[in-house]
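Lettered A, B, C, D, E, F, G, H, I, J, K and L in written order, each chain numbered from 1.
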Amino acid sequence: MTNTSALSAPLPIFVLNGPNLNLLGSREPEIYGTDTLGDIEAMVAKRAVELGILVDFRQTNSEGELITWIQEAREASSGIILNAAAYTHTSVGLFDAIVAAQKPLIEVHLSNPYKREAFRHTSFVSPAASGVICGLGASGYLLALEGLVALAK
Amino acid sequence: MTNTSALSAPLPIFVLNGPNLNLLGSREPEIYGTDTLGDIEAMVAKRAVELGILVDFRQTNSEGELITWIQEAREASSGIILNAAAYTHTSVGLFDAIVAAQKPLIEVHLSNPYKREAFRHTSFVSPAASGVICGLGASGYLLALEGLVALAK
Amino acid sequence: MTNTSALSAPLPIFVLNGPNLNLLGSREPEIYGTDTLGDIEAMVAKRAVELGILVDFRQTNSEGELITWIQEAREASSGIILNAAAYTHTSVGLFDAIVAAQKPLIEVHLSNPYKREAFRHTSFVSPAASGVICGLGASGYLLALEGLVALAK
Amino acid sequence: MTNTSALSAPLPIFVLNGPNLNLLGSREPEIYGTDTLGDIEAMVAKRAVELGILVDFRQTNSEGELITWIQEAREASSGIILNAAAYTHTSVGLFDAIVAAQKPLIEVHLSNPYKREAFRHTSFVSPAASGVICGLGASGYLLALEGLVALAK
Amino acid sequence: MTNTSALSAPLPIFVLNGPNLNLLGSREPEIYGTDTLGDIEAMVAKRAVELGILVDFRQTNSEGELITWIQEAREASSGIILNAAAYTHTSVGLFDAIVAAQKPLIEVHLSNPYKREAFRHTSFVSPAASGVICGLGASGYLLALEGLVALAK
Amino acid sequence: MTNTSALSAPLPIFVLNGPNLNLLGSREPEIYGTDTLGDIEAMVAKRAVELGILVDFRQTNSEGELITWIQEAREASSGIILNAAAYTHTSVGLFDAIVAAQKPLIEVHLSNPYKREAFRHTSFVSPAASGVICGLGASGYLLALEGLVALAK
Amino acid sequence: MTNTSALSAPLPIFVLNGPNLNLLGSREPEIYGTDTLGDIEAMVAKRAVELGILVDFRQTNSEGELITWIQEAREASSGIILNAAAYTHTSVGLFDAIVAAQKPLIEVHLSNPYKREAFRHTSFVSPAASGVICGLGASGYLLALEGLVALAK
Amino acid sequence: MTNTSALSAPLPIFVLNGPNLNLLGSREPEIYGTDTLGDIEAMVAKRAVELGILVDFRQTNSEGELITWIQEAREASSGIILNAAAYTHTSVGLFDAIVAAQKPLIEVHLSNPYKREAFRHTSFVSPAASGVICGLGASGYLLALEGLVALAK
Amino acid sequence: MTNTSALSAPLPIFVLNGPNLNLLGSREPEIYGTDTLGDIEAMVAKRAVELGILVDFRQTNSEGELITWIQEAREASSGIILNAAAYTHTSVGLFDAIVAAQKPLIEVHLSNPYKREAFRHTSFVSPAASGVICGLGASGYLLALEGLVALAK
Amino acid sequence: MTNTSALSAPLPIFVLNGPNLNLLGSREPEIYGTDTLGDIEAMVAKRAVELGILVDFRQTNSEGELITWIQEAREASSGIILNAAAYTHTSVGLFDAIVAAQKPLIEVHLSNPYKREAFRHTSFVSPAASGVICGLGASGYLLALEGLVALAK
Amino acid sequence: MTNTSALSAPLPIFVLNGPNLNLLGSREPEIYGTDTLGDIEAMVAKRAVELGILVDFRQTNSEGELITWIQEAREASSGIILNAAAYTHTSVGLFDAIVAAQKPLIEVHLSNPYKREAFRHTSFVSPAASGVICGLGASGYLLALEGLVALAK
Amino acid sequence: MTNTSALSAPLPIFVLNGPNLNLLGSREPEIYGTDTLGDIEAMVAKRAVELGILVDFRQTNSEGELITWIQEAREASSGIILNAAAYTHTSVGLFDAIVAAQKPLIEVHLSNPYKREAFRHTSFVSPAASGVICGLGASGYLLALEGLVALAK
């Protein structure tokens, strides 16, 4: 995965992706679509330019690393877009990190978890998030970017 | 509340609002913000013009009327934005109507229900909806408009 | 939806239909079949003639109206066939109205709710009903007519 | 159902009654007593005169109408007595409307729900109400009137 | 118990009865009525003649025998009427046998289980059955016969 | 605590208070108000004089003593007002004693338990009580006195 | 397993034993003791002689046979001692048969099920039984004999 | 209540009775029978003489006193018969005291709790007891005496 | 179903099959495969010869018979392979019999129950079994044979 | 048990012990150790001298007395160490008293309740306590003394 | 932990082991046996040679690394044997990775989780696995190898 | 985070800290206090010197690393103080590692989890720990050091 963070003064928005999202495009395309995570990163980068903001786009399979990135976002970001994937449903540590980060955060899911298995109906991210966008595929990331801009007004 | 549906050929997007949303602006502003439903309707109408689409914006306190409007949307709309408010959590009839409507539908909530009482964590709308946007205040309606446009591509 | 009640002395059987049943025929035909509610009304009317009884056939999307009709049936009917659809699973008011009505009542469902979502496995109508017939499509209405005749013996 | 609201300046107390209460007197008298709702309205009106207050007494089978009346009470009443009957146990919309109304509200039930079916042990009205009076029959309405007067001191 | 199956070509409908149904008539008549199982068998036989169909009417207290009869019905019947009585609520084996049988099957109960103990509200037969008829006493068997004829059309 | 029971013939109403109510006035006044239990006893005594009835007002921290007092009320009272406080939610023994007492009993709570912790939403007193009054502060005791008078008519 | 039923006029007490009790003596003696079922039968027979009553002592691994024996006891016994062993916890059919039998019945267990696995804490026999004796080993059968005699007085 | 303990060397059996059992005879005789606790004490004393054992028979409404008596029984008794009544279902302290007492203990109930309210289906005494006898009325105490004698062999 | 047990000295392995397994091959082949139970018996017999062991292969629809066979295996087998099918999920009697048998036992399922209905996720066999093999079709029986050989080392 | 409270000015720390703790040393020493409550009191007294604080050490089997002592501690103590033993898990009254006391309170348990029965995993003391120390035997009391000193800084 | 993957063309079977399995041999040998993970790796390697297949044997304490290895197996393996140990019971990410991998996978456990704590009775691996083998110690790995070979036929 | 482990012979106590504890001081100070983790490490080091023991103080956001450190503590420590933070509530792997470590371990939490969200009321550490200390802020670490010394005596 690449890291598009900028060196310049204004703080970027962190776009953080959790486990198995690196498989997008080939993994269950009837659920997750055919865009790869690279495609989504490119779409996000393009929209960020249009909105005049910076983004720092990352993916990891590790819960601990995701927590560390959110901690990093406390100092180094102006807001967070988080698709925590599987960790959404079980990670108290993510909840704690988001509360500690004190940044606007929008939870994003490509699919609509409420149409899927019962264990996907519980989220430890949602009660700590500013807002939630799900079921809208890759465009959910773009709407979340706009949403963070709207929240900042 | 007013009805902004157009007479011309392309089908409008129905923006349907449930019980107590007519009180927006004065009701618990720390949760729902200070925009009235009229303000939101105006913002939606403005964005719809920008996007070149029609909207039909309505509110009701009646579960039956909400069901009837979704039935109407089967024939008369190109998509639905639904903030079912309190009926979200209890209405099997809304679930049935949405499934029958076979239209793209985005569920919107001004506040983030997952930060509130446990009875707001269950939704009969979500498992029938294309997507969900919540916690982003009035801007959630605007993102939902864009989301419907994105889904239509 | 027409009203086939007669003016003559013997009291009709009320056949009351709840939300979304007006969509029958086009709504999920793999579950509900291809008969429209009008078709069912005609079949019921024909069988009623054969059995020498009157029927009053109605549909509504409103829980309150359904309750009011059952109240009306206390005085004006000799028995009730009720397909409360979605309200079956949540309406305490229907339970109260049926208990108060003190009339033989048969609950009917076109599909078999026990083959469907868990929220359809609970009924507030069943514990107040004389009997239940489900999963037999439109013919369930006809069997219910016969069942009411049998109960009256 | 009559409407006893006064035209003069001081705001009346709204006495709002939910589904099936129009059947009082004939419906399960061993549970609800033999007073009709008209009898109760007369008793309430008489006591209101003694207390020097106005009352506006209504009944409906519709959840939406009950919500609308509570909304109306925000502006037009000095307090609310609510017997929501069956909607007590399922209506999130009533909860929301009561919270938004910001008026003293006393929940009344003729019977004691805790002696009855388990589904009557849950109330969406109670957590939003100032107080609850149940199991005292028609006199519960009169005590609620006095209770509202006491709360206003 | 007797066996009324015919030798001739068209396959009979199996009418299978579970435990304690051999006590009908004397067992709790306020719940189950005063007809004996022999009375019901005679009524079913009479109606079958009217409908021009064959029936094979049996009763057993054994879960295993009930399973074996349903297996037999795969080859030897044109449809099944099953009153599994107590095994309704606990037998996974009946569920498996019915699914394997691939025949139209109507579940019948003399009483309405939803008016009785909570352990009678769960059925392993219902989710595998075509339809369910309950609470209509012995006439439920006759309606089930007609229902199977209707399903066969 | 004092004992205001009278020597004369008519039986008094027992007003029985459970654990921690002796702390009223200083304990969490935002929940329980600033009246002490002595203040409430005085208010109750004054209203009793107005109503021409006797009262016997007591408090204890002991579940066993509360049970014993209710047993005593079988012979020595004309009715009971019971604020069992914490024992409300756990005492099967209170339930048994109230059922055995066969006296009209009104359960009173100063606060509205349904606005508080989930463990206060269960009452072993309610299903054995004639009625319940809660959330109306000290005036709830006065309304309960009137309620007992009304029940006695 | 022998059958000690008498031919003479007074009806015997049926002592019915369920699955795996034929293994007593060798099966988990730390739980069930070292007496074989034959030993228990002999002890029961001896005590029956002392009490001047007849017993009919049986064992089966089949749920259906146990149901049939209880049905038989309706006509042929003066009371029932039932150790249904594993079927205790799952058999609705036993419950139905006992209710239909209308005979005094004492449920016996050698061990104390409440000291064992959670699935042994539920009994379908207890709510239909006159009484329960458990945890007293083989002497529980003897006490049950005396208990039936006491109930008959 | 009286205390029949003997001064002589062999240790008595403690027969301990919990809350509301002092009301026996007048309290719900259809459930508990017409024997008073004094009658039961006399029957127990008579049978103890026959069995050549001493008994110490007590009753209290206090959970703490019941615990203290069981502690006393550690030193001063040869076994315990405990009818803890309402405390059966809620008292962890009784469980702890019984385990600490290390004496044979038989739990007795006059009625069969499994035929009554669900909250009587849980016992903190049963898992600590040697055995349980219930539903056999006053004779249950006598059987328990014999059971303790049998356990002592 | 044939019986392949040998007469010679070494004890065979019992391969016991529960209800509906006699339908294999024709019953839901997408779940259970196309091998008949006879095919599996032949495969097992062939592998047993290779391993130098005897097998006794049986099937029944009766819970009681399955219990009896496991009892028989206490004396007559060197180990057990058990596919209890539907009884797996409900039979306490199987649990008791397996514990009493004190033989190595491997639970086998053709399909993977954890991919199927929730009621198949509970097993009364697993907590009493040495091991479990599921989801591997007919080859699961062969692996179980090898597993028993490995356990015996 | 003794009472070591001092007469001098600084307020003592109350060390309150609940039911069955008077049995320490002889009761289940593998769980609770061999120190008697007198031993613990001596250790606490010695450490209190070292820390220059006063202690008032008590034990009771009565829930009501424990509540009364905590009420007393409102005025007469500088902090509370509470081992409520069995009442920990069921006493709402303790919760209320602790909240009302407004004193630092440390909950102590000799054993680790989370290693024991499920009913010991719930505490009504913990949510009202400042802190909890468990599983450290008698030394837990000493650490609690130090903890109260630390909280007071 | 060594890596035995081969360089040659046919794809190896991945044998993946989760947290704490590196402690095998010394950790609770009464549950897990005395074989070390190295011993098991050697046994697996030996059997793989016999079967003519390659294996790649790994262990990690990290959930993220386990997910990454399963992702790797999508491209680089012909099948997976997974003993996810503790992560079995909580990892949604493993479930997602296995579903995405689209490879035959057999879940293995050394012990039988159904004989252990309740939290080990839930598996996120089982519903995504082809099959499950547990309770057979180290030989379970060998049977899983054979099982994968059988599945590949 | 520094590592203060000593090189000399006696084994140190491991003080292990889980996710987000590196944020202490700035993260929600009203809950966690204003001490940083560095402050706590210094306090612990100072007290360790006073007690004549060594400590090895670490923090990680990774569940796998925390497990690995506990494995390391099997060989390299004389005891463990574990504040597993968020992983406390979900990590079966920690439970397994602690059980395998066979070292005295005290669970520490700065805040009192029982005053917080319900998901913090479950601990996988507690049932494997020797003891628990919570709610006492940084001083809890110091008490835990003393507790380990006391356990070692």
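Keep in mind that, in the parts below, contacts are C-beta pairs under 8 Å (C-beta built on N, C-alpha and C of every residue); 3 or more make two chains touch, one makes a residue touch a chain.
Nothing here was measured: the structure is a model prediction, and the numbers come from that model.
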*Could you give the fewest steps needed to travel from chain G to chain L through chains in contact?*
3
*Specify, for the interface formed by the sequence copies chain K and chain L, whether it is same or different in terms of residue numbers shared by both sides, with half as the dividing line.*
different
_Centroid distance [mean C-alpha coordinates] between chain G and chain E, Å_ = 31
*Per the centroid of Cα atoms for each chain, what is the distance between chain B and chain G, given in Å?*
64
*Roughly how far is chain E from chain H, going centre to centre by Cα mean, in whole Å?*
49
*On chain A, where are the residues touching two or more other chains?*
62-65, 90
*Mind giving me all the chain pairs that touch?*
A-B, A-K, A-L, B-C, B-D, C-D, C-E, D-F, E-G, E-I, F-H, F-J, G-H, G-I, H-J, I-K, J-L, K-L
*Flag every residue of chain E that touches chain G in the complex, lowest number first.*
18-20, 22-23, 26-28, 60-65, 85-87, 89-90, 119-120
*Can you name the residues of chain B that touch chain A in the complex?*
106, 112, 114-115, 123, 126-127, 129-137, 139-140, 142-143, 146-147, 150-151
_chain G to chain E touching residues, read off their complex_ = 62-65, 67-68, 71, 74, 90-93, 95-97, 99-100, 124
